[in-house]
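Okay, so chain A shows up in both of these, paired with chain B first and chain C after.
Moving on, here comes the complex of A and B:
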């Protein structure tokens, strides 16, 4: 395989992990968050910081990244428990804006706008992740593990409670479900899993910078989930593959100046979001009237 | 220093207030979460830039063409995007995603046509004049007066005219509006025209004072959304007051904070409101 294809596949896996974890709260809990890039960022910064100052061992880094991300996830769970719809979108947007400011201003930890670099490669006992192929295997394994974890959870009583809350919160309450606890756990779980994508990404790029964790990233991940199909198993994967392929495909359009490729790509996914919402709100893998209410 | 920051803050606040009032009017009466309202501001600002700075028109006809562009864009969006989604009984969520998509398309198309760099409009209107130690620009005064006049006119229209009353009724009970022989669809078009029109002075002020880039509408939209919620959803008075307050706060915060923190501070305030007083200053109580 050429390095170009390996690179694309690793990035697809990282983005698919983000889309799958976002879909978990969007599609199954009805919590529509625009702050997912923050948890991705926390994973990356924790990985870079721990690797630079302590150890490159993933046995330390992965739990640390997931724990810190889960704690920040609690901050997002607070408004999710109190308000819905437009208020929650605004609250998550707030967390996103505040997070980016902290990422770019907390210079001693995040390196400010310049970012963090020069940290040692990731390692597991007996393994070191340095070749592109090693990263590809690692990112695929992570994605599969997360898919399995989420699938298991969705088929447990916790998952059924979650979907019951999405469909009717008052009915779930009336049945004596602890709505607050279930919602909080789902947000915390999603945040912790999103951080693992950040860890892979940080070591893969061997460079961490706030540019990767802005509102644009949150919107891109949201677009993957929506275009693929909210609340479906395959939707976020299909969305991630499609949106990651668009930049490569647009580079084959003849006569298109290289400087405009980024814009064309954004226009394509913006337009896809509009057209899908009009004609197929459930996304490519979803039903005609599916999706989150 | 304090007075200068206050004046700058009022000018910024007028801009936020006008955008927030347009958004709040549309959301309050049609329940459409018109997140592409920021795109209307961007389009209007660039049309003004093209007519005034590039083609060299007088500012009056330039403003008129700019207003026409904003109104046409708002109404077309309502007709072509929001109306079909509402026919499918699309949720708040569906409308929001579509609006976000429109925002992305507009921002990038403008970026391709006009470039992504900041452009500023050189005009005698934006030159500072010194008065009692304060630097005042004529456009800041015009902005604040415009804000007050537009807002007053809108309030009079909504409270004193038959159509205005119908608009307010639309928010509470669209079915009842239909019973009285008024078409919710046509009222919706009117609301979009009004809401998009009121953003025009904000767009012109933005262009003349701070300059433009394709993302400018996005930033103003984020702040206006904060103002709408802090002021209380559905309350135009609340949106206007909160817009002015956020503008003044952002400007005064420069005293103690670096400018990079201003957006974060706005959103900390918003976060606190959502947690502790989601109904805002003047809004009705929010039930979960």
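Moving on, here comes the complex of A and C:
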């Protein structure tokens, strides 16, 4: 039982990291991205490739994953953020589609559809991450560090600028803010942090393939943020916990035929989304009236 | 003193009762199948085979305890597969787990290897599934074995020059490797190999290239909707050569496709009309329960579950507990098993050798057998 709970907690932390980093741009800058799974994937593939060919040291892997993911985020943000609102959603959807194709086709690096496995465990000087408990500690520490970093940033002038742009881009421009630069930096920061979740995930699963980084994953992470509450610190965490636990908890419903568990999960999940949007559109931790605050 | 003796006797009796209770416990196995989402149809097929085998094992009464299958929904996704696998291993404590789909199989194989839990695939045929460690078994022959069954038949039919259309992934690349090795040995040759991306659905250009190759036969190495489109578009674009493929061509959509008529394909030999008691019971009971004939997928998961039953009975006879390590040891020791379709022998890498058959698409739901290929 302990191993199962640890397993769930590690994956909740990984998904919470993704949700928190997406919430940073979605909730505080009003930038809706459908490509978060790609940054997650970049982190995973960089981890697998570097570990397989060079070293399992996180001192090398984490900066490399964050740097490459940040560069891809920059490539998306520079042209796309010169336009407003839904145009970025369309551009990010394009990146998601291209990213999945690259993950599937760049076989020498990603292993194609078959994926990559058999890479050595992650390590830090004097530490090797092999046991589930070690992964749990690592994933919790990463999540806490990222929460602290985001919280600190949000309480700086940069964070206030972000929220000003979210509330009124025109007003921020009128006040002389470099809107494009601030939005671009926020996407780069979010992309880099999302890659850390990919690093943990790759080493924990000991297997990476494209099926974990599809549009479905991007939509699931977005759902975590929306259900939990956009623009709140705790919202994405609550959303991640909820959406990761619902499928697991339904398998414990007494008397439910085992072969029907999957269908029941989908119904509960869908009904919860609809009810939440009717009665608490701002998400569980957000306001009653909904929308980004 | 008397009181002490009575207490001792009560204690001994309680211990015996506990031991009897332990034998009468459920013999559980796990299954990580897609039970919801776009691939739920496969979960239904796989589980119908596993459930029927468990029912038969329980009805036979040779197993001490009642066999039950505990399902976890993978949604055909690696992450959900690993969550389900971890639950089966650490909460339900099963020593044996059925799985399917390459991505999920690979992801759960790492948990199986780490926890010494046997993981058995009976659906995927990609050859990379043979390299997932000694706790990962394949209860059906992988596609390289199918190619080895098909090539001699092609040469025998004077279809010596073969062109290949393959999906560009580990599965397709494995077929390239196998044809490159097997055709020259049998006296044939691979005259061209044309790759298609996994998501491609337009094959007009490929058909033009195939026509230029002037091959005797065209081998289609793809799966899902794509193989359907390749066969259709080759014919629509004037390719008249013999079409050849593997067991993925046994699905009803292709069997009834007019353009696919006459295609040769290999398949695990499961003669549903056979009169051996095992096959007859499987076919009759499945028809009674579901009102239709079972497919090869159903038979494969029936076999994979029956394999667990056979191993569990053998271990119980020896008084050994049902652990992954003991199951592996027992499999290696017994090595050949009675499956629906015939005797099956395990190779050292955990894959099986089994009799195969060459069939042709004749418009009927199950195709027409043209040759039987013995396991060797």
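Remarks
Methods note: the second predicted complex is superposed on the first by the 264 of 293 C-alpha atoms of A that agree within 3 Å, B and C clash if a C-alpha of one lies under 4 Å from a C-alpha of the other, contacts with A are read in each partner's own complex, and residues count from 1 in each chain.
Throughout what follows, a residue touches a chain if its C-beta (ideal position, glycine included) is under 8 Å from a C-beta of that chain, and two chains touch if they have at least 3 such contacts.
Owing to the predicted nature of the structure, the values given are computational and were not obtained by experimental measurement.
In the superposed model, A:266 makes contact with both chain B and chain C. Of the two partner chains, chain B is the only one touched by A:78; chain C is not. Contacts of A:94 after superposition: chain B is touched, whereas chain C is not reached. In the superposed model, B is the one of chain B and chain C that contacts more residues of chain A. In the superposition on chain A, A:104 makes contact with both chain B and chain C. Using the contact criterion defined above for the overlaid structures, shared-chain residue A:167 touches neither chain B nor chain C, since it reaches no partner.
Chain A residues in contact with chain B (one complex) as well as with chain C (other complex) are 101, 104-105, 260, 263, 266. If you check the complex, the residues on chain A that touch chain B are 32, 78-79, 82-91, 93-95, 97-98, 101-102, 104-105, 169, 219, 222-223, 226, 260, 263-264, 266-267, 269-274, 277-278, 281, 289, 291-293. Taken together, the chain A residues at the contact with chain C in this complex read 1-4, 7-8, 11, 101, 104-105, 111-115, 117, 205-207, 209, 211-212, 216, 247-248, 251, 258-263, 265-266. For chain B in complex with chain A, the touching residues are 27, 33, 81, 84-85, 88, 90-98, 100-105, 107-109, 111-112, 222, 225-226, 229, 233, 258, 260-261, 263-264, 266-268, 270-271, 274-275, 278, 286, 288. Listed in rising order, the residues of chain C touching chain A in the complex are 34-37, 40, 43-44, 47, 69-73, 75-80, 82-83, 86-87, 89-91, 102-103, 106-107, 109-110, 126, 128, 168-171, 197-199.
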